[in-house]
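What follows is a pair of complexes built around chain A, which joins chain B in one and chain C in the other.
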Partner chain A sequence: MIRIEARPQPSALMAYATPVLAVVLTMIFGGVLFAVLGKDPLEAIATIFWEPIFGEFAFFYRPQLLIKGAPLVLIAIGLALGFRAGIWNIGAEGQYIVGAICGAGAGLAFYPTESVLIFPLMVLAGALGGWAWAMIPAVLKVKFGTNEILVSLMLVYVAEQLLASMSLGLLKNPEGFGFPGSRNLQQYGSAHNAEIIAGTGMHWGVVAALIAVIFAYVLLTRHRLGFAIRVTGEAPRAAKFGGVNPARLVLFCLGMSGLLAGLAGMFEVSGPSGQISIDFNVGYGFTAIIVAFLGRLNPLGIVAAGLLMALTYIGGDIAQSQLGLPAAAIQVFQGMLLFFLLALDVLTNYRVRFGTAEVA
Partner chain B sequence: MKFTTLLASAAMVLGLGGAALADGHEKTKVGFVYVGPVGDGGWTYEHDQGRLAVEAEFGDKVETVFVENVAEGPDSERVMTQMALDGADLIFTTSFGYMDPTNNVAAKFPDVKFEHATGYKRLHPNVSTYSARFYEGRAIQGHIAGKMTKSNVIGYIGSFPIPEVIRGINSAYIHAAKVNPDVEFKIIWVYTWFDPAKEADAAKVLIEQGADVVLQHTDSTAPQAAAQEAGGVITFGQASDMGQYAPFPRVSSIIDDWAPYYIARTQAVMDGTWESKDTWDGIGAGMVGIGEISDAVPEDVKAEALAMKAALADGSYHAFTGPLNKQDGSPFLAEGETADDGTLAGMNFYVEGIEGDIPQ
Partner chain C sequence: MTDLLALRGLTKAYPGVVANDDVSLAIAPGEIHALLGENGAGKSTLVKMIYGLVKPDAGQMEMQGSTFAPSDPRAARGAGVGMVFQHFSLFDALSVAENIALGMETPPPMRTLAARILEVSDTYGLPLSPDRTVGDLSAGERQRVEIIRCLLQDPKLLIMDEPTSVLTPQEVEILFETLRKLSAEGTAILYISHKLEEIRALCDAATILRGGKVVGTCVPRDTSARDMAELMVGSTLTTPKASSHSTGDVALAVTGLSAASPSAFGMALRDVTFDVHVGEVLGIGGVAGNGQDELLAVLSGELAAGPGMVAFQGRDMHGIGPEARRGLGVLSAPEERLGHAAAPNMSLTENAMLTGAAREGLARRGLLDWAKTRAFAQRIISDFDVRTPGPENAARSLSGGNLQKFVIGREVLQKPDVLVVNQPTWGVDAAAAAAIRQALLDLAAGGAAVVVISQDLDELMEISDRFAALNEGQLSAPRPTAGLDVEQIGLMLGGAHGMEVAHV
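What follows is the complex of A and B.
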């Protein structure tokens, strides 16, 4: 007979082992799925995980990992701060959109002036935009006790409407023959978030993500505020007795995650994407939630998780084109990853016992 | 620098591979980038039918690959690059938002031919653009709608207020008003190409407002289902035939038929005669198909509609023929004058008689 019993202490070993285990299980069950679809499972798995890093055209895919991973990591870092304190920002996608709109808008306001000041100004505008969008659920929660999960999520749809409106109106390219979408910032030198070293994929968003990781790490391990975040998440009553001000914590955590999401949007629109368009957002804000949990809400873990997610996206597209795997199969594959991770979490707090129950 | 050199050398290798093609030693590889899933029953489905037609036409001489659900922006750029690296000779990119990415990738692979649907940028000699004159089909729908409506209210589900969609509304209105001067258009913008829930809601609202004809510029069959439920409301299939709702409420349809174009362009690459051009074909060239007009349409109306189809096909009639005024009463086309393609391509105004404003 198999049963599970609570551990007296969460297992430190399992906390680190379960993400690896989840990846392995995803490979196994994903392989079964691919086999059922009539594809060679080993080849499919190899295409997804091996091809982008070590394949023939790795020189192209490796930089793409950074481009795809950077916004995920940047957003997930911010989300993790809140998640650790039990503050649930589900609306990073909206903050990402508003950050992009504000960043691009700040740059386009100066078109076609060339100046080194424009890009820093755009960074500021993007950060502020994302921050302000996140402050709506934050202030509503602090003042009126609303649920930040619902408010932040609903504001995503508002942001999407705002994005459509901007693409069709205020930010529409005057030379675009009436088509929706802004000017392409890649063709506007001062506003272009170009690669710092050509061919490496290293743009300012990647740099910002790395800085955010370091700051988050120091904050959580060395700073009083980081301590307050962790205590609030792990023992809310103790935190209260310890003098943590929950309202300030809500404002900080939501504001910070909004700011980082806004930055991610700004770096994306000024760099890899290039323009504000109706379909600018592709779900980074939601995927980042997966990345944050896959990385155990730990800054270093998030870097690994962000790169892993990026890998499955890039490898997934290669598998579609080379092996004819349907996109839905790739999505199921990615879904399995989160499923196994959450399911295996049980091993951190419980242990599996074989044999009959001992009589106490 | 290193990266561009690598890409260039990779492109050169591929170029050499491509050169071998003329001798018939190698398969021609044709790639397709889709914005939606192939099972959407509309836009992407019809492009995929075109791909299958290419395979059926050339058999062993071609290899086709596709990637579905590709987000516009950097993801599409990566997928196109990947196809080019994998040796594609010809790549069809089938969404407006792929415009800049297509041109970016085309610059790096001068020996690969790119075909971008519905765009207008051809920055490199290896980029072509193509689109269909769907407004010709709208003229026929307008005629049938104007004849058949009893309430004189025609509902229109608009996707995005872009020239493509506005052109369709104008064309349908002109021909409905021509046979029925009392006709009134009610337009709802849903800001999506494919969202069954939103489309169904829009259809219901239009029907509640008295519309007994619902035209749609969105791809799902949800409006057809809503009309069927309401009863006494006629609809037209969009992008694909939607024949499962025939003979009523669906009385006809506009079908995107990309097969002849895809076959011709693939043939051109095989023959080495491919060159950059802009194609805008209508009923005449077979790019726009008119689905069977069902028996729910009176015989005389059906005969008129077919006569109009024939006239549009042989060029003896143009869907935008004067006298026509713009919405504000200013002259648009003089008696007997027809709209030139430039005006049509960038159309951003309603014709006289349509109420309401184009959202900005």
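What follows is the complex of A and C.
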């Protein structure tokens, strides 16, 4: 018989070691997966983790690290605030989409006027869009006690429909020869989220992500609101006794994570992606959940985890083109990472006992 | 007669502390043996070893002459050891029989089980109907469920951890009758309690632990409570003394307070009216589950009440939340230490922040001053003799009594105008309880109004100026404590709780 029982005192060392261990295990089992697919496992792993940073074309891939990492970190920071308080926003992908639509829409409304005010306005619109989309599950939870996990997740699919409708209708490029998708913002100077330093991948989204990291770090360690978030996650009754208003906290956490996801969407659509299109979203909102947990819901950890996940995205792309690995194998590889992390977390807090039933 | 259970040289060390150091004791069949000691003296570790929850580092246990080393509670139960914990593990929404079946390895069919329950409850004078829902039972009745659960396994040794802390005086009498009957039939009982008078009335022998070591044994009937207490503490005891003081204006007035309970198995408050004056201690007695938690929640601001129901210094508290009330001077300490009064996994410093932020100036414009908070936590630890290596330790790592001292100290040191406490000395050893009571008395003498909600009548008699009883959500009119005897109070409390079944 196999049983699990709580460890009286989980090891503090293990809490920090598990992310590293999870990465190592993912490499091992990912290698096995790649071997079964008929690829050289060592070469595949090296392609994913080594090639982007030190390979022949690293000059091209390194900036990608920031471009892919920034939205992940930005979204994960917001999610982590809620997760710390036991508020589960699973719909960042939807908030990301709506943020992009609002941001792009605000910019395109002024086309072709050029003004320095347009980009800040788009930032504002993107943030508001993501915030508003997250407020739907927040208000429903506060007013009617609905489950924010379900509502926020379902709203992702609503947002995807909205995205399709926008690319085919309202925001469709009038000069686009009937192809779906909006005008390319990269060609609209005032609305373009261009690289701040050319060739580095450093765009305004990266700056926003860094500000969010510092903001979240200060909030969680030095501010009453961050303290309220942590107490609520640890002991909801104690938080209420301490004077935390649970409803207000739900509104804040969901609102803040929606806002950051919306910003991420806006920076993406006005920069690397360039246009609203049916396949604009690539799953950053979901991957950010992995990033948040891999980073131990800690702002600094999230930076490291975000860069690591960005690496698997880029390395995965290279592996696809160079080794012919299927895209699904890369997704399985990323999924393994979360799986091993959660499994190791269980083993940190519990131990498995093997043995037959004792003598009665 | 050979011993039923013999412990020889049991030692158990945890990192940084030796919980049990060479502990030996022997219990004969049918003996009621008391285990005495302050919090942290090692009582729980010792019974956990007997019950298979903890493995000793050194030493042997023998059960009826053969080696006894239970690897888990199931093995211990198999060997004839039953245990009734201080905190019950029952499901409110299930019936008595269902709860009992859940704890069994191979439960018999429900009808057979119900019959067995009735038989055992009849034999031992523990009135209990198998198909009642546990959520509707009083604390005393819940305890009977736990006891019957143990008795169904025909234990040779029954361990009882602080069994009377939740009972009315009348319920205590019923319990004692049961235990004496069990003892007469040859079941040995290991009885853990702080209430020395009870031990004197019930137990045949006592082993006293201090700092993990056996510091003495005695025959309780021939030893005075004071001597036992001094053995336990290792020093002379001082009983709390109220300095003579006069009471002044009304500090807190509760008028016609009615409020529904937030929990499905809670008790709604019905038309509760009382006031507390400056410099006064009002004692509110009653068995837990009769509206105590709800009353504290209303006064702390966690549970909303209607306009005009609660007034502090003449000001209506309607719509004022816990944090704002603290700012005004109304503080409280709930019963549940872990998870309500304190966040278990957070440090003592962080827990000091939990309620101290406003009055101690620990936050300025939302930014937290951790250095100042740490100093505040340190002050609580030193002023209230909280035994812990330091304020960076998690609340969960403290023993129950030490955490209670911390929680009470945290509120008292903030110099409240009104302090409401629920079960301030629950599970706290004699010395610490005396210190807490003294702190409450000093607070009142200093001009605060203090409301003490407690199940411990001796405690209420000792410290309160006036006494009221909370029963089924209703509060009796407060009466001056002087001149009330325990019997009268027991009746005020609805002391016959559960007795009607006994006479059927």
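By our rule, the second predicted complex is superposed on the first by the 342 of 360 C-alpha atoms of A that agree within 3 Å, B and C clash if a C-alpha of one lies under 4 Å from a C-alpha of the other, contacts with A are read in each partner's own complex, and residues count from 1 in each chain.
One rule holds for everything that comes next: a residue touches a chain if its C-beta (ideal position, glycine included) is under 8 Å from a C-beta of that chain, and two chains touch if they have at least 3 such contacts.
Just so we're clear, the structure is a prediction, and the values are computed from it rather than from any experiment.
Novice: Taking chain A as the common reference, can chain B and chain C both be placed on it without clashing, or not? Answer clash or fit.
Specialist: Once both complexes are aligned on chain A, chain B and chain C fit side by side.
Novice: Once the shared chain is lined up, is A:354 touching chain B (first), chain C (second), both, or neither of them?
Specialist: A:354 sits against neither chain B nor chain C.
Novice: Looking at A:279, would you say it contacts chain B, chain C, both, or neither? Reply first, second, both or neither.
Specialist: Once the two structures are laid over each other on A, A:279 reaches chain B alone.
Novice: Using centres of C-alpha atoms, tell me the angle at chain A that chain B and chain C span after the overlay, to the nearest 10°.
Specialist: About 140 degrees between chain B and chain C, seen from chain A.
Novice: Which partner does A:324 reach: the first (chain B), the second (chain C), both, or neither?
Specialist: First partner only.
Novice: Could you say whether A:144 touches chain B, chain C, both of them, or neither, answering first, second, both or neither?
Specialist: After superposing on A, A:144 lies clear of both chain B and chain C.
Novice: Please work out whether A:224 is in contact with chain B alone, chain C alone, both, or neither, and reply first, second, both or neither.
Specialist: second
Novice: Identify the partner contact of A:238: answer first if only chain B is touched, second if only chain C is, both if each is, neither if none is.
Specialist: In the superposition, A:238 contacts chain C only.
Novice: Using only CA atoms and the superposition described at the top, report the least gap between chain B and chain C in Å.
Specialist: Between chain B and chain C, the minimum C-alpha distance equals 41 Å.
Novice: With touch defined as at the start, can you tell me which chain A residues reach chain B in the complex?
Specialist: 56-57, 59-61, 63-64, 67-68, 161, 164-165, 168-169, 177-181, 184, 186, 198-200, 268, 272-275, 277-280, 282-283, 313-314, 317-318, 320-322, 324, 326-328
Novice: Across the complex, what residues on chain B touch chain A?
Specialist: Residues in contact with chain A: 1-4, 6-7, 10, 31, 37-38, 65-75, 77-79, 81-83, 85-86, 96-97, 100, 104, 120, 160-163, 191, 345-348, 359-360.
Novice: Using the touch definition up top, name the residues of chain A that touch chain C in the complex.
Specialist: 222-225, 227, 230-231, 234-235, 237-243, 245, 357-360
Novice: Across the complex, what residues on chain C touch chain A?
Specialist: 71-72, 74-75, 78, 105, 300-302, 321-324, 326, 332, 334, 336, 338-346, 350, 353-355, 357, 363, 366-368, 370
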